[in-house]
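Have a look at these structures, which come just after this line.
First chain A sits with chain B, and in the next complex the same chain sits with chain C.
Moving on, here comes the complex of A and B:
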């Protein structure tokens, strides 16, 4: 296990290096710098502009700028945000937990909904239930996600007036109920986007397992049908379902950024979009680093869980 | 079908040979019909009018090509038909009670306790994610409270009985750490934990090496005798049942072709299908370069021939064979469903 973790972390670090290097180059080559985007009073002289450029370090060659950034990161310093003028870590700190809450809720409900639905569909393939759930799953991943967001806002917020459309808190209100009512729409769009694949994957994984002889063995032992389906069927299918979740994770995080933007949710996804728009390189890099670390950590955790779920993998 | 036909009296006057084992009947299957719903919603009788009896401690060999209804018959007995199948007629009398009339709950009580089953592929019949111990404990706990310690002791003892060395170590292992032969031994141990009176073994050796096959068959024989359990041994290979079976049921296309005491079937097979099945066992005492094969293939469920279902492949068939159902010829316990055999006996 220790050796496995060591290898995983090492390869994760290597991945991070490439992600950040490529991103840095890409960001630096976007037209217009932070100075142009933020603008000044309009009356700056060329000399003033040049000194501001130097202050931000934008006059240095690209590779050197990346090297400085990397050096600082390794020292635990994410730099200062061009836009906000405060440390990047601080900006991210404010926006981090709302994102975790949003993605965590969305994914949890996708699992709670997708796994039972897929399991039932696999239990009676080609039944009405199976067809219905397939239809639902297909809709889930066929509808472009920003459309889901807009449709949800239109239906549940604008027409039915059930929940607020944007933000995280009503102004001046700090209550759990208020937070939940703001959370429902963005979280359910994430659930809706993720659940389709999960239903399909659960269905196919369970379908494979349901044909296995060890289910017959379990029945022949005299176990109840519920025990057979859950303890032998679903339990064995969990590993491939988990794989699906791992594959989906980066996509979910990417989509969450769009959802945050649309729903005005103050998370790191919407923060990243703002940062790119402002050509705020240190902030963009910081957010990317956090998201990438998070995705890689989740993947390592799921990988470990996979080993715990399937003993055949553990010893390989 | 067979019930309505007059019984042909034994013309030779031989007394039927005694069937081994006690005379106490454990299982009596009468006219069992299992219908399957096919993909095109057609309802077909995949098992059609099958009857046999099994006494305590006896072994019945059920022989036939794949798809002839052997496994369905067994599944009907243990109450594990696929959800497209149902018992459409007949009775399954186990200890005098009709299993076809039991509720699913009652059947669950019987499964694993009174009737156990083991399957063809030991590589896939144990759950890969649980330790052997967990799976064996489950079998014990399905039918009563057993402490973990007790379960471990009982399981280890049973593993020792089936010839697994270091049972305590094995209990801690996962199925993938065991060889195919060992896994089948574990399956046998697991199925015998609750001391069932009937063990159904569905092609238990078909996926094993030949040398292991013989060992497993011998093990089954020994344990069965020791525990006085009856056994239904399903196989497509006549060679497998030569040593183990007391009675043989030859099935073809969902029906009984021939049924009787093993010695009689082997020494005097009367159905052309049985004769050909026996002809396809390789023998050391006959010098031949060829193995007999049976021309053609068994009919599919939705295209059963009328009359005798074997006639398209039967070298002896006559015109009547595909117009009329074959009559039952009974000589003591030996029954054969073949017009030509009946003609031959009466002429």
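Moving on, here comes the complex of A and C:
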């Protein structure tokens, strides 16, 4: 197990290196620099432009800029944001936990809804419930994410006036209830987007497992139906479901960025969109580093969870 | 059994979601104005970069004070930190009489020495600021605005409340204000005076600034939300709000959040498209037609890509500007043939470039146009205009391919020669040379190559104090630009301004000049 973990972490570090190197080159290759983006108000002289370019280090060769960035990161310094003029770590620090809260809530509800619904659909295949859940799942991944956000705002915030559409809290209000009411819409769109895949995957995995002989044996031993399905059936089916969740995770993070932007939720996803738009390379790199680290950590944790869920999986 | 239990679980989850949705009443007794920004602000340091956006300028405007308040695209200039001002020494000096009541948010008085301190800090050779804003026009500086000697520097406090600026060339004070007021924000000498100019960027002052503007900084989540409170020491009064909350929102959802009542106003004029006007009105929003038609749209031309003047003129003659106006601005726009707005003295009604496809074809033939396709780059929201233009150019025999990019890519691509044409919008002002400030002489200059005649016009117009003489010169310059066709003016447009009915006394037009009469805003 320890050796497996060691190899996984090493491979993760290598992956991170390649991700950051490729991203840095891509970012530097995009047309326009931070100065071109920020130049909306005009009026600067050629000397000022050049001075600003040098201050941001944009006059250095690409490889040297990346080398400087990597050296600083290894020293624990993510650099200064071009745009905000403050350390990248500080900006990310402010925006990190709102994202964790949003994605955590959205994914948790997706699992809490998707797994039972998929399980029921598999338990009663071709029933009304099965057809309804399939329709719901299809809708979940067929509707473009952007449209889901706008539609949710229009229906639940504007028409029904049930929940606020923007921000993380109301002006001057600091309460748990207020936070939850602001969280509902953005988290629901993440749930809505992720739950379809989970329903389908749970249904498919459970259908496979429900025909296994060991379930018949469990029933023959006199176990209750609930025990048979949940303890023996679902536990085995959870491994492919976790795989699906793992595969979906980068997509969920990407979708969360869109949701954050539209709902004005102050997370790192919307921060990254702004950073790319502003050609703020240190900030984009910093956010990418954090997101990539998280995704890789989640993958490793899920890998470990496999072993706990499925006795057939052993780490060497 | 299992089926029922799982169904109950699903039902419980759905119920918990619904019940939570009903919680969290956000009502409060404070008079809060919620304002949406569609682009995030950056540093709180107004001189951090030469390249501040209009969104940032409008934010700085709330915390730091300026000499004057400009409205109606600059046609109206009202006192702010300066009560009055006059030209002296044949235009070489401008004297500003400051309001003696003006105070910093910590209660200290703002004096002329603070204004001089700010100008000196900008011009200091060791200053870490990336911009010197306007100091290159002051006496005692080199062409880059660096102070050549402290004694000859053209900013002086005649007494506590009189500021004198000395220029290198005769300058109309109103022109100076229209050009530089939005970026000349006063800094406190009593706080920053002890900071070395080379270390000014590292000062903690920029985290929680002390300004003399109408608002006080309270808190922020970087790039997402900022809370401001009214400055109790501000010398101008009239509003009744307690808190101003600025939130960054996606532009796609701005009308919906306005209609839901979560946002009262959108920064920079709070405009919506003509198509959205009926929806906004039907949902109880306060919609007004723009009082000033200052939004200017033009086709940028990369001269190195299309060096032949005749081909550039053919591009211009092929355009049906009335059709463009109808598609983009409906009844709040008019075709543009020069850069000056109708409501200014510089507007020249005789300047025209009517559509003439036959003439465009003749010019192309004369220039030996070989049918090579040109590329026009534009942001996605300009797609309808680009589509119309390419159609009209096609009718004249000019092939143009469309490329949708973001603004930074467009400017960069035009500068590097990847794109031949671009579509760009600006906020025009009453300043006679406003368009020159949009594209200054650096690498973002995509429209002008070095042209001595043009430089001569700009210098002469800048140094002319006599109004009639200046008007004549500007009109002459407009004709010259039209002949050269370095860029093609398309139209001027007003905007439909929309806001919540619960707030009033907002000068939307002033927002476009990056200043808000926030001290007069009122919560009904």
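Here are some notes:
In the analysis below, the second predicted complex is superposed on the first by the 309 of 316 C-alpha atoms of A that agree within 3 Å, B and C clash if a C-alpha of one lies under 4 Å from a C-alpha of the other, contacts with A are read in each partner's own complex, and residues count from 1 in each chain.
The rule is short, and it goes like this: contacts are C-beta pairs under 8 Å (C-beta built on N, C-alpha and C of every residue); 3 or more make two chains touch, one makes a residue touch a chain.
Not measured: the values here are computed from a predicted model.
Because the two structures share chain A, they can be overlaid on it, and in that overlay chain B and chain C fit beside each other without clashing. After overlaying the two complexes on the shared chain, residue contacts for A:235 are found with chain B alone; chain C is out of touch. The wider contact with chain A, measured as residues touched, comes from C rather than the other of chain B and chain C. In the superposition on chain A, no contact is made by A:139 with either chain B or chain C.
Of the two partner chains, neither chain B nor chain C is touched by A:293.
Residue contacts after overlaying the shared chain place A:181 against chain C, while chain B stays out of touching range. After the superposition on chain A, the angle chain B-chain A-chain C between C-alpha centres rounds to 160°, nearest 10.
Legend: residue contacts after superposition of the two complexes on their common chain; A:264 is shown touching chain C, with no touch to chain B.
Within the superposed three-chain model, A:52 lies in touch with chain C and out of touch with chain B [touch as defined at top].
Shared-chain residue A:158: touches chain C; no touch with chain B. Remark: least CA distance from chain B to chain C after fitting both complexes onto chain A is 12 Å. Shared contact residues of chain A, touching chain B in one structure and chain C in the other: 124, 225. Considering their complex, residues 78, 80, 83, 104, 108-113, 116-121, 124-129, 138-139, 142-143, 174, 176, 187, 190-191 of chain B touch chain A.
Of all residues in chain A, only 30-52, 55, 81, 83-86, 90-91, 94-95, 109, 112-113, 116-117, 119-120, 123-124, 129, 146, 149-150, 153-154, 156-158, 161-168, 170-173, 175, 177-182, 184, 188, 225-226, 229, 261-264, 266, 270-271, 274, 277-279 touch chain C in the complex they form. Looking at the complex, you find that chain A touches chain B at residues 124, 212-214, 216-225, 232, 235-236, 309-312.
In the complex of the two chains, the chain C residues touching chain A come out as 1-3, 5-7, 9-10, 13, 17, 20-26, 28, 30, 32, 34, 36, 40, 42-43, 45, 48-54, 57, 130-133, 136, 144-145, 179, 182-183, 201, 206-207, 221-225, 227, 243, 245, 247-250, 252-253, 256-257, 259-260, 262-263, 405-409, 411-413, 416, 418, 437-444, 514.
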